[in-house]
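First chain A sits with chain B, and in the next complex the same chain sits with chain C.
== the complex of A and B ==
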């Protein structure tokens, strides 16, 4: 029988085949498998098979130095968890630390030096060989002539690597500068003390009352885990931060009135006789002036200026004075910038009034001498011809204009040592690739706020990519391979000096116990131990100036206290999380966690009181354009009734858009901020309109 | 013609696809779970070989030293045991088992919370594997590279037994059933 396939029959066959395919597993199964197939591309990093081991080490993502337990398989780190009971972190670990081992695979990771080619675009660059990069950097260093022409910016100044920077700068007449910002500045405290006893720390663990002027104590500030559960926190800040919402009391003051409130509290302490006035008169060069200034500021006036009720002010002052040991902290979140000088003086001064200098639970002295450093603000403008950025600088959040005005115009060169082409490295003309966390032996010291010095190591648990040199080795080559530029030898010397001192205790993660230092500290540190210095026994109250130095000290404090800043208009207040405040690289998976948790939506968004927002023509979830003399930036609007009317809170740090597929972004919201005469950028007048 | 096309597509989809998609690979050695831990076996339990380490990790497939504890010398008459001793235990080589339940690297599955805390029996996920007298061929998905056990024996993905399938949807269904709150990072660390 002759049967021909007709066009109709063929189409019916195809139709039947299509219907049959849909009702078979074929398309769905292949779709699923194809998705999985994309996970197995050969170039995707994958864990080796092998022995699973656990290594005690320390996190280096931020200055906290948390103790971590790193799991490796076949020699490759694949998981991190905190070490319970660790003296620096108390078993705490932030979401970034949990994913620190991912940083080696960051999309912005550099494995070769790069030279910026600005003519092709602000972020355009070309890779160059390490030898060429070192030669070029040395030529730039050699060409930068004159005292102070070469500078190093370092965010963690107490390390051995910082000593190498100083050695590099010494023959050049260069300046070593501590990175601005950070969480707590003791500069004002040093200024108050006529003969400072050396570096100080904060004994939060023994404090019962803590008057925190913006320090995010419950968000990993200082030493995470150092805060006992029974300390009464009085949180004083404008923003409804997590610490503010969980504190014993939250005093929501008007922006920029910290100095006023601190002196208002001093008024109550002095007026009600809680201070040891004879001692304060004896040791305080300007106590009489300070006292009069404080007594002029009545609680009623303080309430009017700060927006905090008289009763609240009196209650806070009484609790602070009576429920000791007490600590008043002039600290801030890492993105918010330091308090202005007068506010710092007024806050630290409260500790002097209630005798919190020296005893446990107050401001305590640390034993190790402070490393010499300069403040960026003290350098002459346009003085730096060559600036070297340590890898730690990328974790700090500060307006680049703070640095830019110190650079000698367009001729100045910036060299960054960074594992990533992100954050501050984007400002550099030359970037030398530094190792990522866990690729080299790194030194971990106690954070600036810790009550005692400490030393631990971050252990090298994976090989750095070929061509990436340890920072110490790069400095040795930059110094022309000068003798003595041996990071490992210097580190051994530092450990040997501690061993010789026979001071302090060693925490062993294997046993979870601290024992007095004895024997081989080097081996113990290699196994993940942490040495903690002992504290000096006594610290007599030194002589001090409560209003700081300078002939106009009283007048400056009077202005800061009695004049309400920015009485009219909107103000911009930045803030940021530790480790994520700067524009540097973040672990990718941690970024997901940020998105999934309540932190989602914070970065690149502006929190505004609904009434303020509506009056500016904004809507919740819409986009707004923020404008300051420094520029404009688009943000997402988030209405929040807990925000003070007239204030716009913006989170510094990588924008949400850069959490996933990372595209380098030059500058951040912090670059919109205005820098005041004391180097603070907490308050900036801002205009806002719908984008 | 329509029905011819329909039937052809259904046949290809339901029978041709599995045959083409999965590559059958014999295990390097035969092993009888029933002989070791069955009712008529030598009285071992699952935990004798698939144990938890001191730090709580599940050690998975036991190493050759575990087998050597009993089989340092040939005890029986089977070809598999002879090969075990001669090819693996004596030269100290690990057996390159093909693991039916191997999950992708991006999935973190800790046994401890499931077996110790939730008290799930091994068979909840591994089925009657502990009762088998021989090891079936490992069926490798040519596209994804994973074991067929991850998808489940039915090409439709609709298993009739709770242990059929070890995909994320199976994990989520069980979590939902037991009211376990979950998020992406619980498993994808």
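== the complex of A and C ==
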């Protein structure tokens, strides 16, 4: 038999072998192995090991003070859950709170002090030793001479740390300043009351009707779970915010006409006899003037000025007056700034008309006296030679120009206590590294809008990096290690004073129950408990001025109500949600909110009505250039039929394109905005063109 | 097709669209719980990793008729003709006959993405990049969930790590049954307004059973017969009508 291998036979064997191999597991195995070999590398992270434990604590990312349950592995936090039924948060937590433990590893994290060596902005700082930084800061503090030359800006003013700031300022004649912004401004309310009874809060949980003038009730108002489901919200707001979209009723008014609508509602309440006029006349120094102004503003005129139908105005007023307890809120968007003064006066005044001062479900008094503080706007321009920024300030969103105009020129020094080289720290001459969340014991007090005082602790659950000092210790060193600068001792004193008062109740996360305060509060707080003060007794209606102080109060209100603001051209209205509104550091996984979902009007996109956009020559998804006298910004155009024609809404916060980059960006959208005489930056005339 | 179902346990979820405020807490909680990596900025909104993703949808009408809702969309855990299962050449996609959870085995996946093409809900995500976190952050990982590698597909598995822990706990207590509340996925626990309900779809005494048999319940793309185990709830007809429309954004990849 001839066994000679022919060329044809050889090729047939090769072909047959190749075809056979395809139908064998070999190629799949090779493909699979190749995939696995190329997918797994030594740098892929391994899972942590160690004992798993759960700790009750509180979140300190914002002033809401949500109760959290933190899971740790080997002493390192790895998971955060809300505590159901917590008195401050109602069992909820905001998106950022779920990743608070990641903040310690943020790329912008500081572990050493840094000093500015070139123009303010990213990469302007170099690291220095802590001893050198403290010496330099003390030298600057010592060199800043004169009353009011040193100032502290703090966004969480009722803490023991705030007391230390005041002690630091006292011998220097310095000023303690509460940061602007926040969710509701009580400044105008303080001005209305002739003899204010002390700090007030809002009893939203017991209210049945809420007339919210832009308050971000579902966009960062306290804890997201703090809003009860049975309050009927009438949201009065230009922007189609989440609160507006989910409110019982949304009234989309023309920008800047909040004062007009508030007084228009007052007209209906007064004209239809829903107000207790004899009492208002007795307690209100200017009630007659206010009444006449309101009655001059007919619903038809209000409708013309605000763009809201007459029927809607009457319906809102009747619901507010009849379905009590009712609350009218002069709200504040964290990125959009406070309402102008006259609008705040007009809105808070509605509560006086329907008797919402004092009773449950209204504006209630809190027991603890408020510590003295100044408003940034009240300080003389160019008066501050040295400004100290508390870590809480990085989360606020307000134009830097508000601060810059108060600084004494280029010679003024700014010291920031910040865990990150981002946000406000980029403006600082010296940054002292502060602990990240969960690295030190921190104090949690009730948010400014809460109906009662509260105290809880955030527990230290991970060790801070070497070189990072607690803020109290930094202040002690800045004060030259003066006697009494002992944060822990002061905190113990504060707790002891509450214990001595034997007032209020203590919520124990282990049992989920609140019991009257008795026994050792310190130990309870260490275990994650939360003390809540009891409500004060009934509050008699104080004397008030509905139009605020000043000889020209009536004329100012008349102008604010009857003159329609800037009708021509486009208006820029910035907005943001709390925690994410600033240009500061955010948890890395928050990128998902920006890049991978349809949740936000993204930070670099402008929402605009399709007709307005087309008339400006823009197209949906295209790029546009926004211009104001303060500068330009490029944005992506997003057409939205719910937006009022003539208005452009842009979110503050990190831009989609830059989020997640290590290099932070100096300044943000709010720096384009115009600041009006009352310190508001809600409305800015803007030009727009294709980029 | 042979019925793969065994026993009387089918995990499912009901999401009340009328209550969802679109805050994104579910997305964040999911990413933290499952050690989901953060893709680089150039990932855009198509190539990221979002096991649960919230879509903003409106009715397209101008104010005052305009209405907007938020749709959290994760893997729908199809119970019938599960499209991603038969297309996988590696047997890396599996439906648990005991409880109906559809899961992916990343170690078997070779990255062909047939399952992504087959999924009508765009609920599967491909790891385009090596999973990279800031230095030291691996110390804050959930120790119960392994991070996935580049080149594999991943998706929601109803927080399988939590299910395993709950099952171990039940075994330690000498129980063989599942009780409501034994475990919930991270997204359900995170929802601040209680819009998400999780439980056994077959238990007539459960809250989810009551919800999915009510007039407000609907499912996504019900017409294709996948019998998904994620239900949506709404009072509004226009929202319920959205269930038969494909989500915006098209296919991945």
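A few notes on this one:
The definition used in the following text is that the second predicted complex is superposed on the first by the 627 of 691 C-alpha atoms of A that agree within 3 Å, B and C clash if a C-alpha of one lies under 4 Å from a C-alpha of the other, contacts with A are read in each partner's own complex, and residues count from 1 in each chain.
Just so it is clear, contacts are C-beta pairs under 8 Å (C-beta built on N, C-alpha and C of every residue); 3 or more make two chains touch, one makes a residue touch a chain.
Model, not experiment: these values are computed from the prediction.
When the two structures are aligned on the shared chain, A:101 is found in touch with chain C, with no touch to chain B.
By the document's definition of touching, of the two partners only chain B reaches A:14; chain C does not. Residue contacts after overlaying the shared chain place A:23 against chain B, while chain C stays out of touching range. In the overlay built on the shared chain, the residue A:37 is in contact with chain B alone; chain C does not reach it. With both complexes superposed, C is the one of chain B and chain C in contact with more chain A residues. Using the contact criterion defined above for the overlaid structures, shared-chain residue A:46 touches chain B and also reaches chain C. By the document's definition of touching, of the two partners only chain C reaches A:81; chain B does not.
With both structures placed on the common chain, the touch criterion links A:54 to chain B but leaves chain C unconnected. Residue overlap on chain A between its contacts with chain B in one complex and with chain C in the other: 28, 32, 36, 39-40, 46-47, 52, 79, 589, 592-593, 596.
Residues of chain C touching chain A in their complex: 21-25, 27-29, 31-33, 36, 38, 40-41, 43-45, 48-50, 53-56, 58, 60-64, 66-70, 89-90, 107-111, 130-131, 133-143, 145-147, 149-152, 189-190, 192-193, 248.
Residues 1-10, 12-14, 17, 21, 55, 57, 104-106, 108, 141, 143-146, 151, 155-157, 183-185, 188-189 of chain B are the ones that touch chain A when the two sit in their complex. The residues of chain A lying in touch with chain B in their complex are 5, 9-10, 12-21, 23-26, 28-30, 32-34, 36-37, 39-40, 46-47, 52, 54, 79, 589, 592-593, 596. Looking at the complex, you find that chain A touches chain C at residues 28, 31-32, 35-36, 38-41, 43-50, 52, 73-74, 76-82, 91-96, 98-99, 101-102, 104-107, 218, 223-225, 229, 240, 242, 245-246, 250, 252, 587-593, 595-599, 640-642, 644, 656-661.
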